[in-house]
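Please find the structures below.
Here come two complexes built around chain A, the first alongside chain B, the second alongside chain C.
Here is the complex of A and B:
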């Protein structure tokens, strides 16, 4: 009898046969005319006989569901969002307000919390509608692009859950990667900083290392830095040069954020990085412990300078993407911290950055 | 003293099975979304509320067992008639039957709501309700031993869900739990009171007690069941607080299910869909035990055969699920039921114990005098 009822239950549900649905893999939102929402959806239609077909559709309506209905009217297949992997926002829209879009996607049970969100330089429509020579499915391509970079820890991760987590916490702002079209390719070009639900500033993609290292623990990641002029430890060089480029692999990093003074919030930020040096140009004598120590010192100095710069930039635009506020809330009793309150305090917050950089080893050839 | 229930050993169950009965009856629909209700009051100290509520269940159960031991082999229905006399006793019994029925209804309707919200928005309520009721009728007609068996398998088969909590830990931040005890005791206690709807179920002990073979041995399995429930709730709460930020937790209706929503395996894209379906197994003991408890009370109120009762009951519940359609109505029922349940489950047994003792002393003195 139990079996029988299961059979009945099963038959009663609306079936979605793969041949008869269009799978939305990516959705882009832009500002439309007259306050409408302009949606560009990348829809993959699976055909059993032929190669599957990718459709990029733009529609304009008052709600995102309205857009879905309109897109449905234009396709022979039913549109489903269960396989959606990426949501993109046009730059202009992000500068206005993203709150509505975060909430609608959280509300919808068929949208996974692990979906990626990113900003597009310019309009999403132009990015998606461009006919790339080598990219067959732009939706899948952008997803792989972001996923791969997040996994390799080159780019900050911005899943719907993380965005919503930061947005709804009183002491942290969210940040998203920015993507843009570069001729026939799509590239990650930077990080967008948000204040509340509005985009207020950007950081170049190179800075994502510093953002990552302060925001969360950095595990495996390649990083390249240039030590210039005064940073160059001259004594370790075999030939004098006015810059050294160093590429290293951060094997392990540890971040410690400590509130040392609650009145004018002052934080101690201790970062410990253990790394493997991959490339140094021009050559230095890596066999000599003294020069290794000097190189470590030089990189420490450089890193703390850059980290201070990135934090100062975020303070200027009042966007605490690092979560100093969360630390403040968790340490100061009865702070009754709200987002507005923290944005004001954050501006005048002080941070002491200490970087401890250790070179564990280099390659197999000295 | 009223005559104790006469039972053949065939109908009795072993004491250790009470672990499964108590634990299975406690965990049900509440765990899917209790976090935000507690969090509203107690904020990041919500886990303390959960702990307090867990301790309270132990205290109440202690009183319950003491009361039941006075009578040896009778259930709450018999005890109430003995203490308060025929009229008031039967009135209280009727209330208890209604309480069990509402609990049954509430579990069923909440589960249907979850199915409709997460997976099948277009399936009719009556259909889901009828399907579930048929399964429950099937289990119920098998008798108590089958119901206990359902509880046993429900727990054994759903053990694998608990380790899934490890996945969300990847995004958890311990800072969300600090500062500890920032909120005052009153709001933490209020949070503990809001746990009622989620943590009840152990009152089944009041009714199942006469059916246990080894009445002296029941303490250990019962308290162990309560302890395991508390640990599970505590773990879920801690992970939820660390995983969500304050604003997000307040807005997430079924936080446990959302917790699962980003778990995905190569062979399974969305884990929570499986969890929602699987939850049927978890609520089955809930429903069966409440139905059975209501039946035990009903046969004392009026003569009714098991079959007639279960069909009549199911029919009424089916109509009920049709009347309650919207989320707001369901939430109102949950809140009101939770408040009433607090008095029925947490306050009443503590009051009943001294009354039962007084009555017994009084009765034994009377017997001596007559001699």
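Here is the complex of A and C:
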């Protein structure tokens, strides 16, 4: 009897044999004509005749599933999304609304929650359809590009899981990296700030360090900053110079957010960075504790200035990507915080930034 | 649900045969006696009847006795001076094991066991002298359980040699040896060995009962006996260890286990035996504990690898392409692209080929076997890939799992590993990971239900005996494993009183 049920139930299981499916590695969404969704998919197909090829298909339809059906009509293999790694959105689409796309992908069980989401400057279709000379599989390439930068902590991480979390929490907005084509390469060019599900502003890629340092803890990131003339303590210079370029990698950063005043929300933001200075140009005497202390002071000043600037920018566009609202909600009783409410409060929020920068080492001789 | 066993374990003792035949006495007259012996043994060609004047007759079976002893110690003594009473003859023989009998049946039975029958005309009894010589091969290294470090001697087919080997390892009067005859036609000697003071009486009683209750006509090998006295004969998993290593046998006995030796079989049965103990080798005791632990973990990993690797491949390729790492995706799908079969069929085909090779290698003469190994491994392997029947990666996986299945120190368990792979592959091909999980649960539940001589099969994991995990899939240093395993319910729990590893410096 058991054996018989085995035999009958065999038909119920739907098979997706690897060499019979076309694997979508990347999907890009754009605004299509007449409010349709324009989808560009990078699909890897493996055929016995040729090694393997990457198809970039663009379709227009009312839903993303409709697009998938349309793409299916053009390919010899069943399209599956289980191996999808990246979702891209066109800039124009992001400025309209992304809610639908986040929900659809979140609800689809075969889409992993670990896929990266990013914004494309311009249209995704033009980025994906361009014939790059050295990039064979544009889908994998973009995935590795983002993954590598996130792991190195050069860029904020924006997986579907994180985006959905930030999107549904009342005191935080999400942010995504922006990518664009740079001749024969694809580069990460900045960070897109969102208000609700609409993209409202961008920050340059350099600022991702400050965003990261305020958003979460930092472990391995490398950073380079320029100390301007007025910040440079003159006594540490061996030669007169207008500016000092300092490159350091943060060994450990710790941030502490404290709500000091709940009425007109005022936060104390204490950031502790322990770092290793890698390069200083022009040279200073790092053997002297006094000049090291002065350098620390100068960097602290510079960092807090930059962080204030980044926060001010986000306040201006009412996009709390740092999660001050979360802190507010957890500290203030009965706040009944909603997204709209917080967006209004956030605009007038005050933040006191204190940076405590410690130089632990200044490089190792090998 | 209890299945009916294919044979009866608790069969009633056979009804004693008619006492009439049993009590036939030995005849007075010599002619009469010889005729009755010939009738009882169907007058075989090797039955030798020798008259020693004036009235003594010697009867024996030529192939069973030692000619030299017969000539020097019996015939010479009998010829030197005439004896007229059985008592006098018994005194005159310089043989240790001499007895008298007045029953014909007993006489015949001992004669076919290698005794010489001496009959004196006019007396209604016989004298039986044991000068049996059994053909047996010399002791050699254990072929199937070879190990690098440790003794290089294995059991052979002679029961007395095997017992002497064990007696050499365990020099103690507490080593009990009970002899039972099994098989109405073969009447094979079976020895039950255990340590008094360590082995649990109840287990000994159970074992004794199981052996004595067997009512079968033949017993050729101990593997047959092991299958019949197992707790669950229908299970694919062996519940008693078959070993040909005397050191492993003695180690088990000293842990409170019960051993069974069968005459004519080079494998000894050790019971109770836990599931994890099938993955232990005697060599582990001879190696440093770190290395032994590593090897045991390696074998356990090999077990899981061997059982689950191919099903995992089949399931991942048939249903769950999501779990394949991206870096692996392209090579995998490219090597699969040429294969015209679904993964389940591909895997079953290759597994079948590997099993064919293994079986052919085991059956063929040694010299040809090697050639077949090369032909199978290289020619079929590469040709199959080039012909597009299988993918390269599956070939590696199958070869790996075949290799892993041979790391089990027990050949019996290795066979089980190779067998249970097939249903799991089929389930994986039908339902993917759900099928594998189904098979895993089924096997786990089955294993948990098993017992070995009444002791839980999955000990020390179920029931959890944390302290005994020190000597299960890992091996801790000797001072930490001074207790005998509770699996055997030993009467004396401590092997020795452990001393601190590093005595305090005073």
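To be clear about the criterion, the second predicted complex is superposed on the first by the 349 of 366 C-alpha atoms of A that agree within 3 Å, B and C clash if a C-alpha of one lies under 4 Å from a C-alpha of the other, contacts with A are read in each partner's own complex, and residues count from 1 in each chain.
Please note the rule applied: a residue touches a chain if its C-beta (ideal position, glycine included) is under 8 Å from a C-beta of that chain, and two chains touch if they have at least 3 such contacts.
The shown structure was predicted, so the numbers you read here are calculated from the model rather than taken from an experiment.
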Considering only touches as defined above, state whether A:82 meets chain B (first), chain C (second), both or neither.
both
After lining up the shared chain so the two structures overlap, which partner does A:159 touch, if you call chain B first and chain C second: first, second, both or neither?
first
One more residue to check, A:330. First (chain B), second (chain C), both or neither?
first
Could you look at A:167 and tell me whether it touches chain B, chain C, both or neither (first, second, both, neither)?
first
For chain A, which side has the bigger count of touched residues, chain B or chain C?
B
A:112 in the overlay: touching chain B, chain C, both, or neither? Say first, second, both or neither.
both
Chain A positions touched by chain B in one structure and by chain C in the second:
9, 13-14, 82-83, 112
In their shared complex, chain C is touched by residues of chain A numbered 6, 9-10, 13-19, 21, 23, 25, 44, 46-48, 51-52, 80, 82-83, 85, 110, 112, 140, 143
Where on chain A does chain B make contact in their complex?
1-2, 5, 8-9, 12-14, 82-83, 106, 109, 112-114, 159, 161-162, 164-170, 172, 323, 326-327, 329-334
Help me check something: in the complex, which residues belonging to chain B touch chain A?
117-120, 122-123, 127-128, 131, 134-135, 138, 171, 173, 175-179, 182, 243-248, 250-252, 258, 261-262, 264, 269-270
For a test of understanding, state which residues of chain C touch chain A in their complex under the given definition.
316-322, 324, 326, 329-330, 332-334, 336-339, 342-343, 430-432
